[in-house]
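Common to both upcoming complexes is chain A, partnered first by chain B, then by chain C.
Then we have the complex of A and B:
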């Protein structure tokens, strides 16, 4: 056997001894697993969030918490059992370095890779929304905090993996984690739900600035306490992070999962050049030209008509007396997919029915219903109108008679001179929303 | 000079007594630890390696009491250990694994690269230093185990079955390495291969039933074999069986 005294160590030899823990082995695989899981979970209903920053935040956050955390727990747990599986326990027991550095040497790479896997997935989701964003702005605090949560979960999982010598520990821990998260997150009226890392927000509300960080302190404190209880020479040290976690938990429970309204969600952007004006929630402000374009036929036919609502509005709650409700663009994935209106004709028809405003009337007079349908046909016909006409034509004699009456009403409205129609429509819209048939002009 | 002092060492595994009031001391040199299966060799090595705590008795190594956490840490700094079941990370290269062990032993960071190359060269794996451990044969993995044990130039080296899996040529080279290490350190080698002991050890300790059965030089054990009716093909094997029988006869009285 030879000696190599005097030989210059190669570049690789100079590398940090812990680099292999980061570069090879299970840690990068764990990160890839998190990335792949979140990518699949996000990609399958991509149209339901892509294009909306709030929707993107909601989906990435829910996927990170409900799928990422159990996966991180399982990954950490598996890594925690490594020394037992590899039979390196005796060897490591003779190390000069204490149990805590030894633990961190194998746990931190997994936690880091898991966090990186999530960050990449969340970053890709943000990029996927960025190119077709409809307004608003990204919320980077939530995905950053989620990455830390996943890292903490991986550390906690590693503690369990070290302590429990059971082959099924990792999947059982992941399942238990999912169950606990589901239990905490399911009922937002439950006081304990504030302890769930899953923030109960809507598109119009975001957590207050400190909420994600306190949530990280809560979960991270528990993980740190578990790590110190397992590895620290003075186990009482575990009380320090435990106290921090408890304080964070108390703060979360007492504040009840605090959120605040997003200022932009209460604003509208409007095109005032049309009649009625078209206003869109500022969160989807970039859709305004498309929506105005889709409604251009309708608004063009209403030029000079009186008694119309001042504007189509897009706010939370019911429209004011002089407003009509703009057809919903949310939830994304229906009317709007990746920043595009999918069916402008359908959208325009829905806007027309909103102007007529008799959807809430029970037992509407057939003549009034026929008149409303003729007006809708004139303003923006339904893409399904032809289909329903064909069905009626093949239906009972009553259906066919009603179809003929409806077609006559449409023809009468279309056959009017422009000034006559304008006057008739002004008289008609004066009765919009009125369920009493006596005042509605007939066709 | 005595580096390891064992007094009244008692180790119990549940209801089984592994070591029973053992008194031993070792100095610089290569010490062969012989004994039948279940004699307590591995239990002794694990206690000396600070892996297992004894049930009773005292162990002083390198002037430190290993029952004291601070003393134990100081001992570990100057200790090399190859367990009987050597565990490793298959995805690591030889260099990475030995460097990782050096880091765990708190070898100064600047010295790790050279120490790793030196240790790997000592076990004859310089050509495979950047090979993944999963690609190595069983004998090569065993040599990696020896490399990690010597990476910190230990003052006490504990090797549990180090030649298991080595081919005859490697065993001859390993004996040479043992002699080299024994010149400056206390090397305790637990083995079943008495010819290794005859070739490389300066002293032999025979344990049976958790008790000391024989202590002497390999030459004395060989002489015992020549003068007695022990079983074996080699004089030292006959000496081993004769010493064992004598111990059992005394224990049976």
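Then we have the complex of A and C:
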């Protein structure tokens, strides 16, 4: 014979009270709010991250921490005040379950939905980059850790909502979250900035593998301590997560938010069939055919010319003596948008000016400047050249005279026979970068 | 309405607390604008010009809550005048107080931008109160301000689209028009329908 006391409820029956909490009410709305906020915050400046895995990681991480955490705090805080608003607090006190399960039953759905909202937004961002990725590989640890951070923030917010009876508690908590995160993240030289979940890295560096998880332990430990202090039968239990959070905080502050260089950012992929060779940072390796194509006119005109740099390089820092700097590919959103070169002619002109290399000379001789401009025009004319010529044609007599002299120089270079021009260019590039006008061949 | 009517109305809508919240927001905004050294670069006022109207709008939005929504609807007298007066008075107060934080230099993120943002944020909040209830009316404006604050910094060019009215530096006509439309539509909807009754 089976007595009622001896019968244990099935798993489905045990989960039944949780199902409505997950499916209806505020929890799905909170997840949708996080998703929508992050989606808009990421979609508006999509040009500046789409196509670069590191840029995508940076933007999704910054959005998750700076926008998602305050929103998760506010959502949790609102959920925490639910029983008070409905006047069902006393009724719940009569339930068989303890305070902790009752708390978790209303808190976990919001935390999970908030985390899911972020995961979907981060997943969409990764997909958006995947179809036009230019190299490198996706970074998934940081978004996963961010989802946990948002869930922890929602739990912490719920504790505040339970404890504070004030209509404005949720928005004020969120605004305070903004202020605290802004303060911690504003100055990365400050030792306390390591406590901010916002990891300040550049595109060429990533946080060390344990950093995101220790950050989760720091924020999650605080949230768990608050939950246990509010709801556990033995409140001293709250000390355990508090000690964990403190240890994580000490580790973060002492290590100062450690990052390591991404190996791929130090490598280049090169096309050695051209003169000069064209090298692109391996993070954007798939752009090499487009860049080589954009520079094909320039490299074709330089075939057989001596004294040129060996290659266009794309590493951090200044180029070596026998190298020229490839025009900037980053920040994304200018030269490169969604894995495509936006203005190949402009890019080729910038590459040409990098070869001439007299930008740092003060008081450049007008004749040398005219010669440089003629060489730039021959290699790859600027798309704006016609516009500036028209302006000069409408300008003062001095402007018009300079324009005529410049046009004569261009015509002389173009009018040379091919061998003669190669020899002249070889002589010219031997003086490229020299500020002394005496050695520069005239046109 | 007798003489005690307005007093009871003000107490039932937590207006004293809302006034205190608006005053505290103003003090915090003045302090933040000062500590950000905004006189050096008006761009530094962006957090103040974006967040202060947000906090003021959430305070105004939560004051639209009525504890006896269904009972209120049985009243003989029309509510729209009280609702409209309530909303207009608080908005006017916020629009008068918050610009005190950004008085130096009106051209970039100055007093006109602050007033515009107060109007837009309050309009959004009032509209959200009709749809979601007054207690949750802060959520859409909070999401909007958050998304704009981060997203618009990546936009190229100087002229922002109409939906980015919050962060238009000058007194651009498009941004003002959007904020005015938001305030008219949101405020009008609240005056006519009232906040949705929600627990």
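We take it that the second predicted complex is superposed on the first by the 428 of 443 C-alpha atoms of A that agree within 3 Å, B and C clash if a C-alpha of one lies under 4 Å from a C-alpha of the other, contacts with A are read in each partner's own complex, and residues count from 1 in each chain.
Criterion: a residue touches a chain if its C-beta (ideal position, glycine included) is under 8 Å from a C-beta of that chain, and two chains touch if they have at least 3 such contacts.
Since the model is a prediction, treat every value here as computed from it, not as a measurement.
Contacts of A:402 after superposition: neither chain B nor chain C is touched.
Shared-chain residue A:17: touches chain B; no touch with chain C.
After overlaying the two complexes on the shared chain, residue contacts for A:385 are found with neither chain B nor chain C.
Of the two partner chains, chain C is the only one touched by A:172; chain B is not.
By the document's definition of touching, neither partner reaches A:427: not chain B, not chain C.
By the touch criterion stated above, A:86 is placed in contact with chain B and with chain C alike. Look at A:102: by the touch rule set out above, it reaches chain B but stays clear of chain C. In the superposition on chain A, A:345 makes contact with neither chain B nor chain C. Residue contacts after overlaying the shared chain place A:41 against chain C, while chain B stays out of touching range.
Residues 82, 86 of chain A contact both chain B in one complex and chain C in the other.
Residue ranges of chain A in contact with chain B, taken from their complex: 1-5, 7, 9-10, 12-21, 24-25, 82-83, 86-97, 102, 105, 233.
Of all residues in chain C, those touching chain A in their complex are 14, 17, 21, 47, 51, 54-55, 58-59, 62, 65, 135-136, 138-139, 142-144, 146-156, 164, 199.
Against chain C, the residues of chain A that register as touching in their complex are 26, 29, 33, 36-38, 40-45, 47-48, 62-63, 66-67, 70-71, 74, 78, 82, 85-86, 167-168, 170-172, 174-175, 178, 182, 333. Chain B makes touch with chain A in their complex at residues 46, 49-51, 69, 73, 76-77, 79, 81, 83, 85-89, 91-93, 95-97, 99-106, 109, 112-114, 116-118, 120-124, 126, 130, 148, 173-174, 176-177.
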